[in-house]
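Following are the structures in question.
Presented sequentially are two complexes of subunit A, the first with subunit B as partner and the second with subunit C.
Here is the complex of A and B:
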């Protein structure tokens, strides 16, 4: 999943503007705010304002936190992240694996009253593919999307794609829209099939009301609203004083203390995110594998993890967290400054070395981790120059390759391809560090089309080993998802992929 | 206020100003707040000069296992979220604050005073062009202008100095120009001009020295603002970059820990308060002793104990 975390707001604002230039209307607020507020009584505090609400265009986590409750996908990840039926009730695969037929649910209507049919699926997927929207690469192997009849859709593929379900249903970025929807208004309005209708969008909050014609179980809450509270301490205070009933903006240093606190209920579960350090493989001296290995050897991941996340993360030397079925236990590096020095000398790096390390204060943990890394690399004679950029500049410099090294994380990964393919394949869409290895490429290509799961895992294990050995990324840690809600709130489950479903929530009496 | 020639002046060339400045200093130090300010500033300068000898540890000696220790024998000011010694970082941060303050204000002083002198002395289009330019800069709120400059130059300590320097230039230009306007029509200036003194001599020998008092006061006050501005910029991540110590950045980092570890934010906060207070008190004191009217009142008050000096001055 290529959700570039939380606040890509700034980076994507040009997209928002472009999407709004035609037919952008004033927010008329179809339902009155008072109605939703009075009927709902449930407020969720999220840390950032969504950049826009077009599910096919946004990459911001904040947007998906809201859209999760508004849109549906053909298939949906269950709590254990296995793919389950949603708008598609069943599917069959041709023997050669090149044609998938999905049977669609009947009697489903969109929020605007139009019926959900095969045309909706064709329209939605073709919109992503033809306009090369944010998730187009998830359809890389899809040759065509055809409506066989109103309840059957056929996806024809150019090569077998065992992970097709997670590609087309891993998150709401592949949401199904009604055919012919007014695309210009999608940034601020939503027409989905989900349990809640997007009611009003304002600078401070977004309000949803229940969709009574929802095809599944009707939501228990009559409505809910999302508020944006950037400061973790403020979000926590709002929760404790019952101004909000749920938040995921919990300061990690207070988690331990909150666990014994009756005024909130704390949810903590291992997530599928990972945070890493990437060095520019196209820039000397970081183009030398031994220099990268020296840095990977000098780092003390335990200290970095503790500093950045307190007790809410576990160090890892690969990307996939321990709880996943795809986990590969491989940790070749032990912290050893002497060995690191020897590696540096062997690489012919004489004298002091300066490494610019790009971080962003929009993810404060990168700034914290960078300072620990700076202190750990100092004995090696490496001066780490921490460059704090705003996220827009950060992303820009990343895509231009204008960096020595940077710190960031990837969120919401489900399939091993999400973890490794775009980041490490030569020329991959997210291979900003310009890593290139024919061995890795070959392993990733073979793994992508391997239908047998055990064989597929073996291939990804080998690819991970190669990536870690070559230090394409220095993997640092897997954080927990940490969320807090009002005591007595029922029907909410914290999930590893941090998808937030509020449709079964009941408020404490 | 030109020094009148004394009746029985010795034949040696003496600069009468020298004695006057000494008297001014004595008068300044006789006021307790000013004395306090001078002592504090001296202390901060000493700390900044010998920071590496004074600080118990380096500025980025991370020890995660020793984090969030409360103030005690091992760490007088406690440790921060990365286990760094807060005392060391406060001490090392003094240099950053003073450096940014002095360099930035030095820049504003040179550029602003020069602009003010030229504008005030020559008037006409030079005045119009220079002062309108300063008005444009003045129209922006100080921090906003500094942030805009940093947005162009990129974050960092050096760029913060430039940004703050640019921000406070117009104040100096205005103060200088106002003083120059008053001085240039004085009899002694016109007399000097009438005997053929060059513009440069007029400006440097007569106009500038006599326009100096308000500029000196403004310098002290601007230093206070510059220290605050550096702290504010670092607070929002645009000034000093981590891991280098800066009081503003330490405040911002300690903010999230305020109920867990108050000492991370409180000590650098106190340091900012004390330094800014000292600069402001010094500015106040300087204004009192450099303004001729207030000065004579002050001097009179010294010989009349029992009367409330302040009340006398205000009248």
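Here is the complex of A and C:
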């Protein structure tokens, strides 16, 4: 695989590279019938088929791309990811932080015509909690959900939870359904309050139509459809020939070329995702902090980033990206093979060392990154065995602790707790590398209940420093969200959390 | 004749039972935990346990098998882990797309194979024969995904004659259906057609040198009559077998082509089932493929009887 120099103009800040004019571009809009039917002329090509459309059960990004336009939550992240009112218009917190009262919007109707009330909220949240559905852990500190009156809901907590808003509104997995909805049909039918109604679901596409009784601004498009196009070349050709008007199936290596292409408009923004290398802290010699530090010192993150993502990511030594309000500027490692060697020798690791590096074909960038990492560790006398697994096997081995090291990413994080808590607290649900530090635990525990935001950030900064210094993860890079759409399309904003809202979109004239 | 058919049907049932056992065992032997996958990367023990119990995976394996096969006999293949929908509904939903592509491909394949194969056989080592060899070599050796992408770039991108992908149901728009079918059917049809061209050529050659053909010629029959009555009819026999096998292969889904052309067929469904370790869906799909192969084999055998009365006797 050939590496290219970074196009730094693209990589430094959120940019939208616009095609100059809507001039040419191949147009086959001759009404051949193969193009969108009921979609109202707007077709979005997403790269995978949703597994199912029950918002409380699915964990697939493809599902949420659709559900984003169909359901609402109590609160919703703005483009800067601060939590804003949605179905809840305001909220108050008791002085001890253990009781939150939400005032609900009035005059909101579900797609089936039933009214939105406090009962809808209680039903939806209790459904997730009582049935232990996919996002139940987000309610870990919630003791009870009570409807005070039709327009007020009270959440009582077992401990102060300053990030409650992002927990209950960070994404559409916390969608509000009408009380008593037919749960058995939710996989293919939706009853939300969002700007679009789920019209039909088939193996090839999903169609939405505008919900005219929407409580907020009415959507501009009469409808839209989602098609599932896995092959990037097919998705881009479909976009260029006006068969689809939007796609997120843009491989990083194509970005440079597309930036100069008038037939598409390219959107690129720093995302809230990060990719990392984790080493097994419960397995010698990686249990030795100095061995992990040696490897962190030997790696050239810039080279890894360019190989894995071309010009669509930026290296980072912590998890939280630079654009976030929670960003912590800390980069203690500079690439230095000699210092790395010295650290290894100091740790008593004499002679050659073999490290299995588990990656998955589900995320091809991990395979590419692993190859670069292998070549960078070779001068240290470390032989990296790249173990490529399918994702099911990969997850199996990860949960059994059957690895020396692995590469993966965390996607869609908003609050610093999303970035650090489950992954680095001793015994954390996602602490597969078995990292354990009393200092980190204490900082994370205090941060989790700290109500003052500045103090909370200071605690997370210290925790991040500890995590980086101890090399619980070797943080590698934050990728950009990259999407492409028809030139002249208006009203669409590419977001760091990759939520896609089509309610204000207008098609090119 | 009916004894022959009955015997074959009974054999097929035994094979099916064996297939069901083998599929069940294999699916459960493959490493990977469907529940863990369904949860995504963020893991939570309580949610995991609840989901595992709901899926019935906490039951012992023999009990799971009996429950599955018991349902299958009654036409109930269970509920997909991944989507929560009945497996039969998921398969039926994708059947029209798969049938369209399979039939379209066979038509393309036969349109290539029969004329080209026959012409090659009639003039061995001529220019036509050379062309046939080259075409079938290309068809067999060029990977389908590459062929598909090239066709998309040329006919959907540059020329803009056909859509780049997607399936339009026949019931909704017959013209759109045909329009969307052309590129994927040509891609798979080229491969099947290449295989069939070779078979047509060799069986026509064989038939040409058969004694009854020489007799027919000696009787003074014209070349056209010899070809249609005495050569092609005999050459059909092996061609029917191979076409049957090709059709079965196409009906069980052509994964690569379906992915390239965003074609919602059974191959994609099966692949998703494998990736998600969706046991009920995977078992259901494989069982269906087995049934398709058995039925087509049965059909080919019975068709033999029509083409060659000696077999049915």
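Assume the second predicted complex is superposed on the first by the 471 of 509 C-alpha atoms of A that agree within 3 Å, B and C clash if a C-alpha of one lies under 4 Å from a C-alpha of the other, contacts with A are read in each partner's own complex, and residues count from 1 in each chain.
Rule of thumb we're sticking to: a residue touches a chain if its C-beta (ideal position, glycine included) is under 8 Å from a C-beta of that chain, and two chains touch if they have at least 3 such contacts.
Fair warning: this is a prediction, and the values are worked out from it, not measured in the lab.
For the composite obtained by superposing both complexes on subunit A, the positions of subunit B and subunit C are free of clash and fit together. By the touch criterion defined above, A:386 lies against subunit B but remains apart from subunit C after alignment on the C-alpha atoms of chain A. Of the two partner chains, neither subunit B nor subunit C is touched by A:288. Of the two partner chains, subunit B is the only one touched by A:251; subunit C is not. By the touch criterion stated above, A:243 is placed in contact with subunit C alone, subunit B being left untouched. Look at A:378: by the touch rule set out above, it reaches subunit B but stays clear of subunit C.
Of the two partner chains placed around the shared chain by superposition, subunit C is the only one that A:133 touches, whereas subunit B remains out of contact. After overlaying the two complexes on the shared chain, residue contacts for A:367 are found with subunit B alone; subunit C is out of touch.
In the overlay built on the shared chain, the residue A:233 is in contact with subunit B and with subunit C. Counting the residues of subunit A that each partner touches, subunit B and subunit C differ, and the larger count belongs to C.
Between subunit B and subunit C, the smallest C-alpha to C-alpha distance in the superposed model amounts to 6 Å. Residues 233 of subunit A contact both subunit B in one complex and subunit C in the other.
Listing the residues of subunit C that touch subunit A in their complex gives 30-34, 36-47, 49-51, 82-85, 90, 93-94, 97, 145, 148-149, 152-153, 156-158, 160-168, 172-173, 175-176, 179-180, 259-264, 268-269, 272, 275-277. Against subunit C, in their complex, subunit A makes its touches with residues 26-28, 32-35, 37, 45, 49, 51-52, 54, 57, 59-60, 131-134, 136-137, 187-188, 202-205, 227-231, 233-235, 237-238, 240-241, 243, 362, 390-393, 395-396, 399, 408, 410, 422, 429-430.
Contact residues on subunit A toward subunit B in their complex (touch as defined above): 232-233, 251, 253-254, 257, 303, 306-307, 361, 364, 367-368, 370-372, 374-376, 378, 385-389. The touching residues of subunit B, when paired with subunit A in their complex, are 60-62, 64-65, 67, 81-82, 155, 237, 241-243, 255-258, 260.
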